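Labels A, B, C and D are assigned to the chains in the order they are written; within every chain, residues are numbered from 1.
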Amino acid sequence: MGISPGWDGRLTNNSEHSLPTDAELREVALTRDEYKRATDLLGRQPNQIELGIIGGMWSEHCGYKHSRPLLKRLPGDGDQVLIGAGEENAGAVDIGDGLAIVMKIESHNHPSAVEPFQGAATGVGGILRDIFTMGARPIALLDSLRFGPLDDQRGRYLANGIVGGVAWYGNCMGIPTVGGEVSINKCYRGNPLVNAMCVGIIEHEKLTSATAKGSGNQLILVGADTGRDGIHGATFASVDDPEASHRGVVQVGNPFMEKLLLEACLEALQTNTVVGLQDLGATGLTSSSVESAGRGGGGVAIQVDKIARRADGMSPYELMLSESQERMLVVAKRGDVSKLQSVFSRWGLHSDVIGEVISTPNLEVLDGDIHVASIPIDMLVNAPTYSFPVERPRYLDETSSFSKDLIPDVVDPTATFLKMLASPNIASRQPIYQQYDHMVGTNTIIAPGGDAALLRVKGTEKAIAVATDGNGRTTFLEPFVGGASAVAEAARNISCTGAVPIALTNCLNFGSPEQPTAYYQLSQAIDGMAAASTALGTPVISGNVSLYNESDGESIWPTPIVGALGILNNLEKRCQIGFACSGDEIAVLGAGTPELDGSEYLSVIHDVVAGIPKLVLSDELALQRLVRELISAQLLASAHDCADGGLAIALAESAFAGGVGVRAESLHTKHRIDEMLFGESQSRIVVSYSSGAGPAVAAAAATAGVPFFQLGNVGGDRLLIGPIDVALTDAESDWTNGLRLALAGNA
Amino acid sequence: MKAAVVVFPGSNCDADTLYVLKNLLGIDARYVWHGENCLHENTDLVVLPGGFSHGDYLRTGAMAARAPIMTAVRNHAAYGKPVLGICNGFQILLEAGLLPGAMLPNTSTQFRCEWVHIRVESLETPFSSTCRPEQVLRLPIAHGEGNYVIDHDGLSELQDQERIVYRYTTAEGIDSPDANPNGSMDNIAGICSSDRNVVGMMPHPERASEESLGSQDGLTIWESVLDGMGD
Amino acid sequence: MTCKLYKARIVIQLNEGVNDPQGLTVRDSLHELGFAQVRNVRIGKMITVEVAATNTDEARGFVTAMCSDLLANPVIESFEIETLELVSEEVETSP
Amino acid sequence: MTCKLYKARIVIQLNEGVNDPQGLTVRDSLHELGFAQVRNVRIGKMITVEVAATNTDEARGFVTAMCSDLLANPVIESFEIETLELVSEEVETSP
């Protein structure tokens, strides 16, 4: 196919437009000012199709118009960084041996609130495409989820639907879902969060760019036929019938087709005929073609009449903006198209040439011989950016003036402990991750249930560790610390396996940036993330932003989620969370006084969300270095990050994982019992080691300047933790069933 | 020995299976595409790997069972040569009529990925011959439809002919209902054909063939077939 | 109190325009099996429910409520109660 | 050659006596939602197929063959072609 020779950058039928109404502008998510700006940049009034394209490209989702200035604050440089944030569909880091890891996390919150199963499933589908677009083979998925309370029917429907959707897509693709997190709070009731992270592996020289360059090279659209999926506000889309309202429909995923796409694309890349590869995500063909052209420095011409479609009567507007899933745009060397198409058809995939790279740096859209849109690429990829006024939220005055003296200390520590263990935020996550195939690929050395997952890298002695973390409550109470601790915790989880954290990805789930208080939270959290990333030496190589997370006028807790990647050079020198041997000693490494501020305990037992969470980055760095050094010296039998629920819960989790009890009855405190047992200060790790290793561990801690407290021993069939005394199996059964029953509506 | 790992659209344990056969056991193992009409020459062993062939749409294994390669697999089986279907491969063998019965969704109606124990019930198949009688193996499962059903007569026949090769049990080897992860009849985890050379099993031996993955019990299954070949 | 037993047949189908990957895959498979005549395949559910109710209207009310509350997902599916018939004049009220 | 386009509705159901895990799960969920009146739930498939054929008999022949060859598994299921109607007098013969 060629572009009709007659086109000259002038539009057919572009003469008389009336100014769009406010409602029409709202449909394409543009302000009146943005409309004026678009008119100025174009030198004429945009037509309706162009307006839709500009609106899509200038949306927060594609253009990051509200967050771009803030994202610049995140450190992105590092020796190992091969592809940094914002350059391609995902970031890439070197892991040695000529190999690179490609990774990214992305949200699918709003679609999941509408249709939880398909919303979550297509979220997984989208992040997978971002990874294999780079030529990498996806090797692991993680999912970070936030739900509303499970004691109402709708909450369970959303939670089970979301988990089911993640499971369906990942399982069918054969990519193991090896980690993630789940947290429940009423702020997520109407707006659950679904963040999916994918990690892929590739040889450096095979990294593929999503670039459309080389005038005359051809654009192939491969995969699913295009339907009206996910098109928003196309009410005036149909040029013929401006009244027709072709509302978009909810996207339904097809992991089977995506599996074929994955294999076909990786095979196609071997043929040396691919110039660039780009998945179709938000705004579909529009952003994928425009962004590829933007990277290539030229333009693209799209012939919409060549697009295979699933529905009748689709307009050029709909074809350009459809978000039908499981589609890829391949930029093929001119003349090599048939070679590529034969690869696709062998995999049972339909493909069409739908356009070509042109030298004029424009997006030209043609429908047969009608020229329907012509917009400079430059103006599309450079969305206007905004910063908003920030205002410290007033609630902070109240939450920060919290005093623990208002709360009575625990009366029955064992009962409180069991209640904590069974609470849905602490109970075992197995009811969720057992629905995920976490073993396919035969690389999973440490499966979900530990701190970070560990995957071997076949053909080397190495392993990679991956984890996601984020704490909405902490961020709500102290946004800077919330951002910083998401980084610290993700990295700490990595360190507990022995791996060195080397890079991060992040997903920023916040409320409306137009609210000065929400913008304050966003800005502070990013500053916190930046500070922690710098301190821990972990550059941010990719990420995603999801704003306007609110329902019924209430914003969610600000929830930055961090995905971390670590590298372990010698797989044999790894550590896991379970206590291993009766008689081993148990100690906690790290920071001093545990505090109740912002703890799960305060929330579960006293229904209080208050206090000022704290984090000292230098302590965190020293702690993580120490634990890696101890693991590498093979001094530790277990290491487990002390997080939600504090020390008592961390000890219990290590005991359950090891199937052996704890003898720490002599543990006592000068302070409050609840603080000692359930207080949650950052920067603590529970470790165990043979008694012979005790002096070496203590000495290393002293050298590192990291506090070291011996707690007791591994052994027996009870959990004896200070005043807590309960049979291991009883405690374990509460912990095992807590979330299971809640999800089943039997809590 | 030559092994063929059949690749259907949507197979996703094909690479894991090939890796075990080739890299761990040193077998000359190759992929065979579902659209082919024949196996490689002198193929000794055919493995139908796990995954979601054709997305598991309509019924698990249904569309794959009708692929062109299945005629060759059928012939291979008719010669008495070993065929192993793992997970989705088992489902395909059922749909192809190479093994009796059918698969329903797990009673939980959820996908389950976890470690289970199975007891070896018959040593008279190519995939259990070197096991100890009643040996208990620890292997992972990962499936949404492993709830094996067969009519009353069919079940009696399987029992009478000792064609139930593996049953789900506790770690101690007891086939209690608690040990059954999916509701399958009689705790069936794997069965064989009347000629005993075609075996289908839900657990994944290829995921339990290395110590670092948590178990090497799957090796006994591969070693049985090697042993039978006199390799 | 005694109730009658009714049996309803409910058809649940994906709305027009909603992607039906299962239907598309089955169509392709039928083509491969040689059924070139096949143009289009859509796959929905046929649910049979037995309910106890005092009369047909009540039974229909229950079934409609079940469909909207659980059986069909209104965002992508629509339901139709195809038939509702009396199967037995007397049943125990507790399930 | 021109053909006509027919649309068939096929119902596929688990045979009597075959356990229906999905039906049981749905029944339990309905009970949990307060629909205590529900006695029994069975879930089958409703497949809509469009086929090109020269006449109704031929169309029915195709659809029956598809059902026995792929759409239903005789070990556990039975199928029924509920309706077969003409949707259009003329269609292209190649899909």
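As a working rule, a contact is a pair of C-beta atoms (placed from the backbone, for glycine too) under 8 Å apart; a residue touches a chain by one contact, two chains touch by 3 or more.
All values derive from a computational prediction rather than experimental measurement.
Remark: among chain pairs A-B and B-C, A-B carries the greater number of C-beta contacts.
Averaged C-alpha coordinates put the centre of chain A at 37 Å from the centre of chain C. Chain D has its Cα centroid 30 Å from the Cα centroid of chain B. Contact of a single residue of chain C with at least two other chains is seen at positions 21, 25-26, 29, 33, 43.
Across the assembly, chain B contributes 54-55, 57-58, 63, 66 as residues in contact with two or more other chains. Counting partners per residue, chain A has 254, 256-257, 348 as the residues that reach two or more other chains. By the definition given earlier, chain contacts exist for A-B, A-C, B-C, B-D, C-D.
Within the complex, the chain C residues that touch chain D are 3, 5, 11-13, 23, 26, 29-31, 33, 35-53, 62, 65-66, 69-71, 91, 94-95.
Across the complex, chain B is touched by residues 164, 167-168, 171-174, 254-257, 259-260, 347-348, 433-442, 444-445, 456, 458, 571 of chain A.
Chain B makes touch with chain D in their complex at residues 58-59, 62-63, 66, 94-95, 100-102, 104-109, 147, 149, 183. Within the complex formed with chain C, the residues of chain B that make contact are 54-55, 57-58, 63, 66.
Looking at the complex, you find that chain C touches chain A at residues 14-15, 17-21, 24-25, 28, 73, 75-76.
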